[in-house]
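We just call them A, B, C and D in the order they show up, numbering each chain from 1.
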Amino acid sequence: MTSEILSIKGVSKRFGGLRALDDVNLNVRQGSVHAIIGPNGAGKSTLLNCLVGRIIPDEGSVTFDGGSLLGHKPHQINQAGIARVFQTPEIFGELSVMENVMIPAFARKDGAFRINAWSRARERGAVREEAEHILDDLNLWDQRDQLVNSMSRGDKRRLELAMCLVQHPKLLLLDEPTAGMSRADTNNTVDLLKKIAERGITKVIIEHDMHVVFSLADKVSVMAQGTVIAEGTPEEIKASPKVQEAYLGGAHL
Amino acid sequence: MAETPPARSLEIGRAVLVPTLTQRLAEAPARKVADTSLGKPNGADDAARRCTRIFQTSAEGSLVGSMDAIILQILNGLDKGGAYALIALGLTLIFGTLGVVNFAHGALFMLGAFCAVTFSRLLTISERVRDESVTFFEAYKEIPYLTLWYGDTGQAIVDWAVPLSILLAIPVMVLIGFAMERGLIRFFYKRSHAEQILVTFGLAIVLQEIVKYFFGANPIPMTAPPALAGSADIGALVGASNISYPMWRIVYFLFSLAVISMVFAFLQLTTFGMVVRAGMADRETVGLLGINIGRKFTIVFGIASAVAGLAGVMYTPILAPNYHLGMDFLVLSFVVVVVGGMGSLPGAVLAGFLLGILQSLASMTEIKSIVPGIDQIIIYLVAVVVLLVRPRGLMGRRGVMEA
Amino acid sequence: MAIDTSAWSRRRLLKTSAALGAGLATPHFFVRNAWSQDQAFCNNPTGGNVVLGFNVPQSGPYADEGADELRAFQLAVQHLNGEGDGGLVKTLQPSSLKGNGILGKKVAFVTGDTQTKSDAARASAKRMIEADKAIMISGGSSSGVAVAVQSLCQDMGVMFMAGLTHSNDTTGKDKRRYGFRHFFNAYMSGQALGPVLAEEYGKDRKAYHLTADYTWGWTQEESIKNATEALGWETVEAVRTPLGAGDFSQYLTPVLNSGADVLILNHYGGDMVNSLRQAVTQFDMKSKQVGGKQFEIVVPLFSELMAQGAGEAVKGILGTANWDWKLDNEPSKILAKSFGEAYGSPPSQAAQTCYVQTLLYANAAEKAGTFYPPELIKALEDFEFDGMGNGPTLYRGSDHQCFKDVLVVRGKENPTNQFDLMEIVKIVPRDQVTYDASIFGGDLGPYEVKGCAA
Amino acid sequence: MSESVMTRDKNMSKGMGRSPAESHAPKGEGLRGFMSSSRSDYLLLAIFALAILTMPIWLAPIGAGYPDILQKFAIFGIFALGFNILFGFSGYLSFGHAAFLGTGSYAAVWMFKLLSMNALIALIFAIAVAGVFALLIGYVSLRRSGIYFSILTLAFAQMSYNLAYSVLTPITNGETGLQVSGSDPRILDHMFGSPSGRGTPDFFGMELQGWPGFYFCAILLILAFFLTMRIRNSTFGLMLFAIKSNQNRMNYTGFATRPYLLAAFVISGMYAGLAGGLLAVTDPLAGADRMQWTASGEVVLMTILGGVGTLLGPVIGAAVMKYLEQIFSSFNEGFLHRAFDFLPSGLQDFMVTIVSPFVGEGWHLTLGLMFMLVVIFLPGGIMEGLRRVSGRFKGDRGAADTAAHAGH
């Protein structure tokens, strides 16, 4: 067995005449933090969508943890161990923070459907305990009873991260976790991500902020026009003239 | 006792009958031939034979007979579909631009019909004359001033009341639309669909109760102008034999096409239309462009209201209007809109005509005998099938009204 | 609305029903035992009032007909209480009416909305019985409602005097001991209409039926089919149309090419208005010739309001009616005058039947000397009477159907005034429409029921 | 069974101690009671039960203290409670729930005809048949969401209605409605030698008309309320609320949402079946009108009027609508003149003229106006109104409480 947890081979996707993904190949090592960078419209988010089952590729294969992901529904892919943080937080706005975190915790416990009308949600002790831990870890404990809709944008992102982490995923997909954040918030998020790196969860991060990328990633893939044009360690990428030309020229380093 | 047929027809006294009468008498033998070729169905349950009758060619020309029947049913479907399409068009316009589920749209159709009633009542404002023929109690009969003052010309205006009332209906319906949008609907753009449904349904009830208060619950007969009443032989037009079809229904179909074309032309050719279409495609972007959508929305609502109203005006000779008319069309129009695809104008028109024609065809005795009751459920059955095969209706866009 | 036309009559009515309020407000819950001990039947009136319940459609398509029925009920209550001109209280033969209420108690009434739905009608009737303590329920503008309310009244032990209901079932397979119908039925329509049709249109005709697809439509179709086929007519086709279809064009188009030369519309209310108007003014059927014969349209059951709704289209159309205000007899004239003076229009046949039913109930109570329903029922069963405008009439005991002359009417070609919509073609004598009660089956049920007093 | 659950619940809540969520409950009532304590739940249940059972007393002064209307309050309360499980909890708006009401009624009457007049058998059968029917319709309809789902349910219900009215008359008895009759087989009753003569449904000998009928319905309403409360507080209920809030996230969280939705659909269909069965039990006649779209629309309106997603709202909404339909429609001019009798004659006539368009045959007008006013001024329905009123009564104390929570 290889140490690769995720392996993308020859994935292509067309929307009408547009080639959104063109023969993408990518391998993510177990336990690594793998960043995908590239200009807007390079196909990064489309690739993530292929991974979580929102989009089905026209060609190619995606293997995760020894099994194929293609043809599976989003919820099945999540049950296989992939969790995703979205660009705009996908959370339960009308529920409390605690409930938001308890729901994914339940999913891990009994992801399959079960009507348990008689069990009061708040009395599922183990689940609650786990949720409390995560909230504590991510500094959300004080807000646990707050309605999510009334939270700040940064807090919402943190919550979404908490919702993913409580599931103990094998692979965590992060779609621009710091987009639109102030420098201070960004730094906090980086610290947070470093902290959870200690848990050994494999991560794939899409990010524009090179500072974030280079402080977190073990490996970087550069995408442009639907395909991977370069891959390597952060240092290699920084040094690559090809990348400089294609992408980094206009970026803040 | 029994009068002789020609004298009887003359006595009914509709001008149009006289010239067509001789023609009709001449047709009679030909019709007789066709009649016999159809065969006399005496067992109303012999489904197989009926099947044969429509679908199979036979030497005696029963195909011609059944083709006639099918053509007639398609014509039926077209005028029915015209009404469905017009109502659905306005509903989609409101929904697509404003994002409002308007349960009062059927009521707008009904109000249009009552514009025609009011207009013809205004034309026939009458002098009250003591009616001497009623002896039991004091009763009055009424003679329209128009007739009293202008004689035949006045009478002609009265006769043409329904088409003429379009002139009244357009401004009135546009104003009603404006009032509804400014006074009520605009406060509900950001509210949930459930609340929109509740408030517009409440409004629909209030509107129909007001109409009931003034016009009673009984249907009110409205007549087409004499020249357009009765039926016309359109067989010659389509190259088939002996198809006569009510003239007013043909007028209605053409009218609906005209209104639909006008709405589409307006949306395609004017700057205003462009903005509206852009708004239907992506409301937020248009808002970001700094265009005052509020004003535009009001006008769109006015147009939608006028379209529904016109559909109602011209429908009065086909269906005697009563205060309940709107509710009867409400569910149907929503089914049409959804089958067409929420937010798609061409879809609404297409679905309107499609459902009209299918409904007519399903009402054929031959088909009913194969599937009893099919005419009662066809619309809903089609809706279910379309929605299962095409998740967003015939021409709907992804993501509209799915959450 | 229309009630407003006669302020004076309204005012007087209000006084008569004035004392009702107090009774209404008392919670039923507490008084139940009080009266169930000494009087063993439902809603035996204890005070100075007796409450009648009038259950008519006040919303929905038949609201105008319901309003007319309600006017008739109000007029009947006035007359029973000895107010107004007395109306037909004076002409009923034989009469036990005294013109001072019923059994000395003032008549008061409560009203309810049936919405022309069985559920709503039964709920409304139950309210009148349980909350308002009505001792009799009357009204209704459709057979489904009448049958539903009638069976409820049987269970509750309260008399039901049906209003407009024309289905054979009401006094046929769904007849009840506590239910009585003055209106005629589809079978009688067929029996009366058949010979006139043969006379007017000949015996060699081919009929095409369009039938409203529910029980009343079916019984009427069957009755007319039987009657016309017995005369030698042929039935080409009988097509069922959905109730409330509105646009009937898809059912009308095949008619002319089917070889039929008579169209029979087994429709009522809005359906009839629309199908008839579409057939006449749009498909121009009345001016067509089929096989050398003039094409004809027949509407077996007519009503004035429908004729109004159909407008011009109704001219020359044959049908039947229970009663018409232009009938040339003294009681009809008195009723038309009394009603016309009060409300500005002559009574419809629905109004007349409701008016008569109310008087007949009161008369039966006077005759029996009690409100006890079984006695009252016996007083009505096989009651032979006259003076209500329909000529000599029998309330047959075996099915609670009234037998009287049936009118064959025709939409008037040249109406002399706005109320003159129909002309009477023939008064078909009672004998000709009488039938054996056993042909429709059904079971009246017991006289004694546990009722609401239990 | 329920007793053991209750004891378990008490122990649990004692063991858990009082979490911050509990003290938060009053403020969050608009939301859900998911985090509320079992103690406050049982208090609510007790108050609810008391209020329902004493309705004959406290509703009498407004003319609604008679059995039939109170039965209707209870029955339509059950109907709306069930509907709210689907619409209020999961956000899926069904426009065809009347189909299950009608199916329940037909099923119950057929049990009366074939087996026994015992209400229990009829109700079980009604719930089962409605549940199966809901499973079929729900399975197909839930393939779509949003308005497409609504129209699919509407289409199925309208097809059922149209067919029940006409073609299916042998099963439904069409327009007249399905009734019991003396000649029905009633196999069980005959087997055990107790054929009920009158054809009145009973509950082991107790005839369920009039007041006994009301108490029977009322107890079932209280049970239904209790069950709804449990569903709301369960993980299952939490999942439904989560689906309503963000279905996408549910999918990416590993939940297949459709089974949850289908379960909610079937449960609410069974509530409708129970309501339909009770309609037949209190009045053994089942008509097709019950399946018409207007009846489906009615339960939607009841729920929104009372307050979507709240526990009590749908029950209140149902009662208000039935009250308008039954009582307002019965106010004729005579009644108004008596009501305004205390006024001088001229003023009395004036008041009657003003009020009469809104009552009697004008009751629909009042209904329409009420819908509009409630939506405009009370977006959360009647429950929102009650909350505001109670908030005002509490005044400063309430404000202080909120502040205290905020500082927690």
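Please note the rule applied: contacts are C-beta pairs under 8 Å (C-beta built on N, C-alpha and C of every residue); 3 or more make two chains touch, one makes a residue touch a chain.
Remember, it's a predicted structure, so these values are computed and weren't measured experimentally.
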| item | value |
| --- | --- |
| For subunit A and subunit D, chains touching each | none |
| Centroid comparison with subunit C (C-alpha atoms), farthest chain | A |
| Centroid spacing, where centroids are CA-atom means, of subunit B and subunit C in whole angstrom | 33 |
| Between subunit A and subunit B, centroid-to-centroid distance (C-alpha), Å | 54 |
| Distance between the centres, which are taken as Cα means, of subunit D and subunit C, whole angstrom | 36 |
| Averaged-CA centre spacing for the pair subunit C and subunit A, given as whole angstrom | 74 |
| For subunit B, residues that touch 2 or more chains besides their own | 213, 376 |
| For subunit D, residues contacting two or more additional chains | 162, 165-166, 364 |
| Where subunit C touches two or more other chains at once, by residue number | 1, 59, 63, 67, 213, 240, 242 |
| All touching chain pairs, where touch follows the definition stated at the start | A-D, B-C, B-D, C-D |
| Residue ranges of subunit D in contact with subunit C within the complex | 56-57, 60-61, 63, 65-69, 72, 162, 165-166, 169, 173-177, 179, 181-183, 198-200, 207, 209-211, 279, 283, 285, 287, 289-290, 325-327, 329-330, 332-335, 337-339, 341, 360-361, 363-364 |
| Complex contacts: residues of subunit B adjacent to subunit C | 1-2, 5, 8-9, 11-12, 17, 20-21, 24-25, 28, 31-32, 34-36, 38, 40-42, 44, 65, 68-69, 72-73, 75-77, 79-80, 131, 133-134, 136-137, 139, 141, 212-213, 216-221, 223-224, 229-231, 242, 244-249, 317-320, 322, 324, 328, 359-360, 363-365, 368, 375-376 |
| Interface residues, subunit D side, partner subunit B - complex | 87, 93, 140, 143-148, 151-152, 154-156, 158-159, 162-163, 165-167, 247, 293, 297, 300-301, 304-305, 308, 357, 362, 364-365, 367-372, 374-376, 379 |
| Parts of subunit C lying in touch with subunit D, wherever the complex brings them together | 1, 3, 10, 13-14, 17-18, 20-21, 24-29, 32, 58-59, 63, 66-67, 109-113, 117-120, 122-124, 126-128, 130-132, 142-144, 147-148, 151-152, 155, 169, 174, 213-216, 240, 242-243, 443, 445, 449-450, 452, 454 |
| Subunit D residues touching subunit A - in the complex, by the definition given at the top | 5, 9, 12-13, 16, 19-21, 24, 28, 31, 34-35, 38, 227, 230-231, 233-239, 241-242, 244-246, 248-257, 259-260, 263 |
